[in-house]
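Everything on this sheet refers to the single structure shown next.
We call the chains A, B and C, going by the order they appear; numbering starts again at 1 in every chain.
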């Protein structure tokens, strides 16, 4: 079983550019001490360390998501955003330890649905099997788990951005937990767990589809069922509801980009110098091209130097090169990022035309650019078939979308998913949490102070 | 002397789980070149690098502390918080270089109080003794110093949160410097420096007691002497004084968690793959369990989805597993974190009942959860005696508490520790610094702008 | 050509303290597989990984710059600051890939101006030449590029801080791109590219002059041509225009310090334990001394506990030790940082007396402390000639200043560099971007809400 836990890695090394090497760890060890004294040990230490560093880089992306979502929404819904994000991150880590990791990496399985057992799967009676190259080429089982766990919560956090401002927080929690515990690891197992899509040659290096696409399309299903925020589409007009705090959103986007060096770089699953450095270059170039293109396209279309689009352009560029960060060239990475940024701009406008209210643009950034990024590998990389990329994207995102429609629909028509109009009007911070995100910032003499917490008008 | 500077490490390796190995570096080198050409060199490079990475991770926790404390206090005291935090961090680094490091790691000493000499202790005439495994198994003296220096300022920064909003900044500086220069390194030497508590088998992996407990109980002594903020406890009622900026507090908590991977992970004192990855898993699980439990307990008690408690729950969970991050199992780490989060919630309520005003909850988060975390090792880990854990916790925190009462009391009854009522009322930003943290955010036409800096009414 | 691409490294190892070693990688490999199986491989992996980690540390400094500049300026110009910073970072990465890298590291050249060719310079037909020690001792070409690219945008971002609040964003873009594409890499080639100043023995370890000085003096030229913000100097008085958000500026400064461990630490160009740990210690001590000294000097001069000066003191301390972070002792690092902090305080006051309006103090922090830091190496380090340091500083900063005067002057007298008085008055966020950085933070019942986006009064 352990041999295929790290199937993702095996898949990688059938990849297109293999500049480094991994064939060093052939020998087997009978004790931890024997391994530690071996010539292979130092390389294992640095490879494993890079996975751990990548894990905390992906961790900080969750602050990035919380900050982007907070900053781009209204000031009356900020505490709610933060509460949702902390809940999902903490739940994600625990759920992934209890069931998710062994659903996503079940070992030998039928390729569609498997389960390796409860827990992370470490057996203390045989440490060598789990803590040396006998487990993975380049990491311990603990490193494998923590790196993957940091990815897991991402998909549900993306949904949080889509539904912000009008969802009952309790129902978001229910949906998020189900997405995390079932949908994400199952579709993940099809590719990174060595399932049927992997067998067909589908390629998604770090998760344009498996992570970002899944989040984006789960979010799309939810906003279709949830409806738009009040006043967003009225009298045939689209009303701009601007984010309340652009510096906060900026902190979020930069932290996401920062963490993405671990998200993509760690997906090499070793510290292979040629591969990790190559992935870094493509990641930076894709993000830059995505943002500059989004700036340009927005300026051409609406003659505006739009900071929100510049910020989302960074993210769309990153999503656009995540599926192929190790196999694109710097030039095709620039193209993939630029197209990702462009798709995002048009996606945001299209959804508004369709009256699908996505307050932070997450469906466009993660969903639409995620599809593009996956297809781009089929277009730009000779050894990857476009049709397989298309099929895999449809399968994963179709499953996610239908799963989300069913689950979120079932919640909608039983428990209800939407807060009252009064609660939406007064804001979820007061309505759901009884507090405002901001209190009066300065003492102003002889003047009633705006921003003081009011009594909750709903109680 | 140098042999015992890294006593902390030696203590670790008598620990319970020793999955990796360290016995490789037995040989000695006569020149740096000889070492660099040896087969041991690569492992030393990566081990040392991990300590340095951990150092900058602990460094960024200081931004975490500054942000949490700023966000959870009133907007009129924010500049003051920031000034205090910068001062303590910078002082801490320098004081630790001049005296702290060699008080905490004095080499051979009587076990209660020692001093290795002024400065960091590097002798340029014998680089091999300080920059190869001849110094520490896995790091140079510089790495050892910088990693420990980043820890040192933490305790005083925790105090800063407790006393915020009414302390004279000059007196905080005096107290903080004395805490840093004497109390913290002396109690630290008892355990990590190889002193009497270490000899008894007391176990505190990364500082539930030695760092967080010390900060929390020094803070408790200070708030007992300082008194509550005006209006906090009036007419038998406890008035909620909410934090002015929840997103800022959120940034702080996420950065603290982020840095904690270095705080705990670096405390392995090498990049040993089995141990560091294990510590990462326990750290993430403890934090998650702490936050979810704090959310749940708060909801059950006061029917509120309280974001501040969710945030402090993360921190209490982290403090709760810090003493045993390398020896707990993921399951007992979850329990330790959950209990830490619960203790924090009740601690906050208890202190308010006792009219002890801790604006950010630091005594509960760091002090009470710190005791718990240390005792938890005695409960969950077979080879660690509960009574020793209890004794050690009492000794370290008792010494700290008495030290703080005496020193802060002496300042109180000579120079005075509290600002005037007028200064407290107008806020310490205007009163002590002559500036507000925030100026008018937007230009509003034809309207007087709230938030403009006033003339200091005290001058 | 590739041999001298990493000339910076070669220069380093003629440096004063060489505690570690690098002579290990003498042998050559014919295939990637042969190298990966060699005894040298593990050390190369960790050295290369440290450069990549340093690259993302320098990356996050760009969030630091954006936050400092945003926080220290008026709330009406924040979106503009953010837009400029994203543009410059993304442009910088792409421009450096297309031309900058091979201007700065042209290979064999005349020492004044060279160009290795378009693109990064990787030749896929000979991976061994670019991805093993055959390229650089300790990194691949991709790592070399990405680390240097993150530095490149810094200079232009420093200029952004100087000109904030009254520059036409389009003209800033034009100037920034020219600075990035020509001035920065050309002056860089003189030292790190192995040009004429390097040949003379000029020493600038991580860029006190080459990065910070260049940004500061380009900015000085720009503000001389651009003029002060309206109302800054009126009726012979200097009006304080305080930053609108001190916590945001604080986040920025801490992130800059955080990233500086990679900026300086990565400039060792390997993970050499003795050197990197030494650089870390000097970096922390320099920053601490800079801030404490700036606090003290400001208090002595104007009897104020000035948080902005404390924050800028950190940065000036860091700039002050950047040129000699590997060759100063901890004591001389403390002195260099302290003098840097002092120079910054007086620099800020002097520029105001000269009616040169530098809203964030960037000329003093980066320009003046940058000169000091470079000269300090000549003062404190026996093997470095003061006159050479002086000559090199004059050459690089003189070239930069004249280049900037000519280019920015040409723009000024053709296209114009300054926004209209109306636009400056209403703020660049509304005027240039049609949006405010902040929207109403809380819903206040029965009261008109300050901070709502107004219609753009200029259209």
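Everything that follows uses one rule, which is that a contact is a pair of C-beta atoms (placed from the backbone, for glycine too) under 8 Å apart; a residue touches a chain by one contact, two chains touch by 3 or more.
The model shown is predicted, which means the values in this text are computed figures rather than measured ones.
If you list every residue number at the chain A and chain B contact, are more than half found on both copies (same) or fewer than half (different)?
Different: fewer than half of the residue numbers at the chain A-chain B interface appear in both copies.
Only C-alpha atoms count here: how many degrees separate chain A from chain C in terms of the superposing rotation, rounded to the nearest 5?
For the C-alpha superposition of chain A onto chain C, the angle is 120 degrees.
Averaging only over C-alpha atoms, locate the centres of chain A and chain B and give their separation in whole Å.
Result: the chain centres lie 31 Å from each other.
On chain B, where are the residues touching two or more other chains?
39, 42-43, 46, 49, 53, 245, 251, 436-438, 450
For a test of understanding, state which residues of chain A touch chain C in their complex under the given definition.
Listed in rising order, the residues of chain A that touch chain C are 19-24, 39, 42-43, 46-47, 49-50, 53, 57, 74-76, 242-247, 250-251, 254-255, 257-258, 261-262, 265, 271-274, 276-278, 280-281, 284-285, 287-289, 291-292, 295, 304-307, 310-311, 314, 330, 334, 426-427, 430, 436-438, 450-451, 454, 457.
Using the touch definition from the top, list the residues of chain A that touch chain B in their complex.
32-33, 35-37, 39, 41-46, 48-49, 51-53, 55-56, 59-60, 62-63, 66-67, 70-71, 78-79, 82-83, 86-87, 89-91, 93-94, 97, 119-120, 127, 131, 139-143, 145-146, 149, 169, 245, 248, 251, 432-445, 447, 449-450, 453
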